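Two complexes, one shared chain (chain A), two partners (chain B, chain C).
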Partner chain A sequence: MTFLQDPEFGDRIITLMAALVLVLQIAAVGQRWLVSSIRIFAVQSFLLAAIAGIIAYFNHASHIYIAALLTLVLKAGLLPWLLERLVRRIQIRREIEPLINAPLSILIAGCLTLVGYVVAQSFYHPEETSVRAALGHNTLAVAIALFLIGFFTMLNRRKALTQVLGLLSLENGLFLAAISLTYGMPLVVELGIFFDVLVAVMILGILVFRIREAFDSMDVSKLRKLRE
Partner chain B sequence: MIGLIAKAGLQLVLVLLVAPLLSGIMKTMKARLQTRRGPNVLQSYQDILKLLRKGMVIPETASWIFSVTPYVVFVTAALVGLMIPMTATDAPLSLFGGVLAVVYLLALGRFFLALGGLDAGSSFGGLGSSREMTISAIAEPAMMLAIFTVALAASSTNLSEMAKVAVSQSWKFLAPSQMLAFAALFIVLIAETGRIPVDNPATHLELTMIHEAMILEYSGPYLALIEYGASIKQLVLMTLVVNTFFPFGLSSDWTLRGLTLGLVFYLIKMLLLACLIVMVETTNAKLRLFRVPELLMVSFIFGALALISTFLF
Partner chain C sequence: MILIWLLIVPLAAGPLAFFLRRRHLMEAVNLTAFAVLLCLATALSLQVGRSGPVSVLDGFFYADALSALVVLLSAFVALICSIYAIGYFRHDESNGVFQEGEKLGGGRAINKLREYYTLTPLFVFSMILVALANNLGILWVAIEGTTLASVFLVMFYGRETSLEAAWKYAIIGGVGLSMALFGTILTYYSAHQALGTDTLAGLNWSVLVGNASQFDKPTMRLAFILILLGYGTKAGIAPMHTWKPDAYSEAPIPGAAMLAAAVLNCAIYGLVRFYILTAKCLGPGFASHLLILFGLLSMGVAVPFILVQKNFRRMLAYSSIDHSGIMVLALGFGGPLGVLGMLLHMTFHSITKPLLFFCAGNVQQQLKTDLFREAKGGLIHSMPLTGAAFLMVTLAVTGAPPFSLFLSEFTILRAGFSRGYLVLAILFITFLVAIFSGFLIHIANLVLGPDPGLPSAETCRWKKSSVVGLALVIIVMGFWIPAPLFRLIQGAVDIVTSGR
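Up next, the complex of A and B:
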C-alpha cells in the first residue's frame, strides 16, 4: 500500500473527485425535480468533504479535518435535511421551471466550464512543471466552473428555493477553490463561512415560506409588484 | 495463425456464454430490488433455445431485408465481441482503426434492425425504427467523443493498445477527463442497450417502446438471433466501459493463469457495473420520449468537455 503515501496519488484522487463534483453540477442543471436537486447537492457536499479529508491526510494538516467534518455534518447532512423538510412542508415536489430550457442550459453550463478552464489557465505558471501545479490548476478550473454554474442556476430559476440551491453550489465552488489553492484557510475563516451559509439558508427558508404564504407561489418574478 | 484462431475461438465461446447469463443476472437483480422473485438466472438461455425450436411467421409484405436482418445483427455483434479486450489486453481481432470499427459495426447492426422494422410493414415497426434512429443520432457522437478522449490519452484508436496503456499506468490513468468521458459513455450505454430512463426492455406493451417495437414482427429463430445479438451488444458495450476506464486485472498475455485471473476480475467488474445499471433502472422512471434527447444532450456535453479538457492540459 505504498501508493497511499504518494502525494501524487492523493492529487489524482482529488482531481478525480472534483471532476465528479463537476459532473454532478452539470447534471443538476438539467435536473427537473426539486428533491433530486437537493440530493445531488448533498452528494456534492459529501464529495467536497472527502476532498477536504484527503487534502488533510496528505498534507498532515489536522485543522482541515475539522473543516471536512463540518462540511459533512452541515452541508451533506443538515442543510439537505432542512431543505427537504421545507419542500415537504410547502408540499411542492413539482418540476423546476427554468427560464431557459434544459438542453440549452446544459450547453451554457458546458460553455461556463470552458470559461472556468480558460480563467484557471491564467493562474498557471508553465515554469512550475511539477504534477502538483498542473493538478491544482485543474481543480481550480472545476471550482471556478462550479461557481459560474451556481451563478447561472440562480439566474435561470424562478422559484426561490431553487435559487437557494444555486447559492449553495456557488458556495461549494468557493470552498473547493479555497481548499485546493491554499490547502486550507485558517479555521476561523472556515467557521465563519459555514455559519454564514447555515444562517443564510435558514433565513432564506423562512423567507421562501413567507413568500409562498403571501403570494401563493414561490415564483420570485411575482415580487415585482410591491402594492396590489 | 493457429494461435489467433484459438484466441478467437476462446473469446467467441466466452462472449456467447456470458452474454445471456449477464442479461439473466440483470433481470433477476432487478426483480429482487422490486421484491419480486424474478426469473431464474439461466432463463435467457432457455428462452433462446425455446425460440430456436419454434416456427416462424413472416409478414407477406416483407422482402429479403427482413430475413437478412437477424443474421446481420447477430454477426456484427459477435464480430465486435472479438474486437474488444475482455480478459486479456490484446483482443483476437483488430480491424480498420479498432474502436471506430467497433462503433460502426454496431451502427450497421442497428441500421439493419431499423430497416427490418420498416420492412415488416406494421406501423409499430416504423415507429420503433424512427425512434431508434433519432436516439442513436445523438448517442453516437457522444459515444465517439467519449471514446476519442480515452484514445487520445493512449494515442491510439486500437482497443488493445488502449487497454495496454491503461494497464501499464495503473491508477495514474485516472484523470478528470476520463471521469467526464465515463459519465458520457454510461448514459450512452443506457440509451444503446435500451434500459429504463430511455426504453423499457421488459415490455412490448408500451406505446413508447423503441427496441421492442422494431422487433415486434419477428418470431421463432429470427427473434432468437435478434435477442441473442442484443444481449451480446449489451455485453460488448459494458465490457468497453469496464475495460477502458477500469482496466485493473486485465491479463497482458494469453497464458492459462493470466486468463483465469483476468476472467475473475472481469466478471467481478461486470457484476459491479450491472449492479449500477440495475440501480439506475430501479430508481428512475422512464423518460417521456421527447425528454430523451435532453438526457443524451447531457451525455454529449460531458463527452465534449472531456475531449476539450484533455486538450487544455
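Up next, the complex of A and C:
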C-alpha cells in the first residue's frame, strides 16, 4: 500500500476528480430538469468534499478535514434536500426556456473552460517544479472555469431557483480554488463562509417562495415593474 | 475589552427585541442599544486617537484609526435612524400601511415591527464586525452578513415591487461578493508564498500589511480587480449599481438611510484595506487608474438619471451612487490630499445623507406617493420644518458652501489638480455642477410654490427631533470639526498612505 503515501498518486486522483467536477458542471448547463440540476449539484459537492479530504490526507492538514465534512453535510446533503423540498412545495419539476439553447450553451461552457486555463496559466511559475505548484495549476483552471460557468448559468436561466443553483456552483468554484491554491482558508473564515452560504440559500428560498406566490411564476423576467 | 462590548451590545439587542411583546419596549431596547453603542464608539475613537491601535483575543479583533472612524460613523447613523424609525413606523402603523402587504407575506403590524427591531441590530452588528475584524476573510463574511441581514429590510413592505427589489439586491449582491471572496482567496495565495503556511495569521491585516511588498505580483493584480468589482458592487459604483435605486426606494426609510450612509462606508472600507495592500505590492499606479475610471463612471452614470428623475426616492439612490463614485475617485487620485478628501467625504456624507432620507420619508408619508408628478409643490406650507430641512440638506448633499461636503469635494479637487489630472478634475466639477442643478430644481419644485391646501402635518416629536437634531449637527459641522475627530481622520490618512 505504498502508493497511499505517494503525493503524486494523490495529485493524480485530485486532478481526475476535478475533471469530473467540471464535466458535471457542463452537464448541468445542458440540463432541462430542475430536480436533476439539484442532484448534479449534490454530486459535485460530494466530489469537492472528497477532494478536500484527499488534500487533507496527503498534506496532513487536519483543519481541511473539517471543511470537507462541512461540505459533505451542508452542500451535498442539507442544501440539496432543502432545495428539492422547495421544488416539491411550489410544484415545478420541469425547467425550460433558457435564453440560449442547450447545444450552444454547452459550447459556450467549453469556451469558458478554455478561458479558465488561460487565466490559470498566468499564475503558473515553471521554476516551482514541486508537486504542489502543478496541482494548484490544474485545479485552479477548473475552479476558474466553474466560477465562469456558474456566472453564465445565472445569466442564461430565467427561473429564480436555477439562478440560486448558479450562485451555488459559483461558490463551489471558489471552494475548489481555496483548497487547491492555499490548502483552505483559515478555519474560522471557512466556517463563516459556510454559515453565510447556508443563510443565503435559506433567504433566497424564502424569496423564491414569495415570488412564486405573488407572481404565480418563478420566471424572474416577469420582475420588471421597477424601471426608470 | 471595548471591542468586545461594541460587538456584544448590538448582537444582544436583536434577539432581545424578538422576545418582547410591546411596541414601546422594542423601541426602547433599540434606542438604548444604539445610544450605548455610540458612547462605546466614541470611547474607542478617543482611545485609538490617544494611544494607537487596539487589539484583543490574540489580534482577532483589531482597531486602528481607520476602523475606529468607520465604527463611529456606523454607530452615529444607527442611533439617528433608530430615533427617526420610532416616529416613522408609528405613522405607518396608524395609516394601516402594513395591511397592504399582508397577503404577500406581510403580517400584523407588531410582527413587522418585531422583524425590523430584531434585524436592525444584527445588521449594525455586521457593520461593526466589518470594521473590527483583523482577518480579511472575516471582513468578507461580515460584509456578506450585512447583505443577508438587510434583504428582509428591503422586502419589508411585502409588495410585489419589494420582492423584485429584494431579489435583485440578493442576487447581484451575492454574485458581487463571490467575486470579492475570490479576490480574498487570491490575496491569501499571493501572501502565502511570502508568509509560509501559518494558517490563521495569514489573512490578518496586521500581518499582511508589513509584508505586502513581497506578495506575488500577477496574483495581486487579479485579486485587486476582483475586489474592486466585488466590494464595488456593494458600494454601488457603476456599472454594478443597478440594485441600488430599487432597494433604496423599496426599503423603509430608516433601513434605506442605513444602507446609504453606513453600509456604503463598510464596502469602501473593505476596498481601502485591499487598496493599501495593492499599492504596497504593485505601486500606486495600477490601482489608482482603475479607481479613477470606476469613480468617474459612477458620477457620470448618476448625472442623467438625476436630471430626468421622476421619483424622489430613486433620486436619493442616484445621489448615493454619485457619492460612492466621488469617494472611489478621491482614493484613485491618492496622495495624502486625495485620501484626506476621501475620508472627510465619507464622514460628512454619513452625517448628511440620513437627513435627506428622513425628509423624503416625511414627504412620502404625507403625500402617500414618491413621484414628483403627483406632488403639487408648496410643501413648505403644510410641512414648514421638513420643507426647510429638505432644501437645506439638498444644498448640503450636493456640496454647496458653507456645508461640510463642499470642504471635502474641494479637497478632492485640489488633490486632482496637484496630481496633474487636469482634464479629470474638470470633468469632476462638471458632474458636480450638473448634479447640483438637477437636484436643486427637483427639490425646489417639490418644496416651494403656492400652497396647494394640504392639511398641516408634523406632529410627531420623534420625527421632528431627529430632523432638527441632525440639521443642527450638519450646520455645526459646516463650520467646526471637533479636534479629536479630525485627529482620527488624520490618523486614518496616515494608515492609507503609509500602511501604518
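Note that in this section the second predicted complex is superposed on the first by the 222 of 228 C-alpha atoms of A that agree within 3 Å, B and C clash if a C-alpha of one lies under 4 Å from a C-alpha of the other, contacts with A are read in each partner's own complex, and residues count from 1 in each chain.
The rule is short, and it goes like this: contacts are C-beta pairs under 8 Å (C-beta built on N, C-alpha and C of every residue); 3 or more make two chains touch, one makes a residue touch a chain.
Being a predicted model, the structure only gives us computed values, none of them experimental.
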Combined model on chain A where chain B meets chain C, clash or fit: fit
Greater residue coverage of chain A in the superposed arrangement, chain B or chain C: C
First (chain B), second (chain C), both or neither touched by A:Phe215: second
First, second, both or neither for A:Met154, with chain B first and chain C second: second
Partner chain in contact with A:Val142 - chain B first, chain C second, else both or neither: first
Partner chain in contact with A:Thr15 - chain B first, chain C second, else both or neither: first
Partner chain(s) touched by A:Gln44 [first = chain B, second = chain C, both, neither]: neither
Touching partner for A:Gly30 - first (chain B), second (chain C), both, neither: first
Partner chain in contact with A:Asn172 - chain B first, chain C second, else both or neither: neither
After the two structures are overlaid on chain A, angle v-u-w for chain B, chain A, chain C in degrees (C-alpha centres, nearest 10): 160
Shortest CA-CA distance between chain B and chain C [superposed frame, angstrom]: 19
Complex interface listing, chain B residues touching chain A: 171-172, 174-180, 183, 293-295, 297-298, 301-302, 304-305, 308-309, 312-313
Residue ranges of chain A touching chain C (in the complex, touch as defined): 63, 119, 122-123, 147, 151, 154, 160, 163, 167, 170-171, 174, 177-178, 181-189, 192-193, 195-196, 199-200, 203-204, 207, 210-211, 213-215, 220, 223-226, 228
Chain C residues within the chain A interface of the complex: 104-105, 135, 137-138, 140-141, 144-145, 148, 151-152, 155, 158, 160-161, 163-168, 170-171, 174-175, 178, 181-182, 185-186, 188-189, 192, 197, 199-200, 202-203, 216, 218-219, 222, 245-246, 249-250, 305, 314
Residues of chain A that touch chain B when the two form their complex: 3, 8-9, 12-13, 15-16, 18-20, 22-23, 26-27, 30, 102-103, 106-107, 109-110, 113-114, 117, 121, 134, 138, 141-142
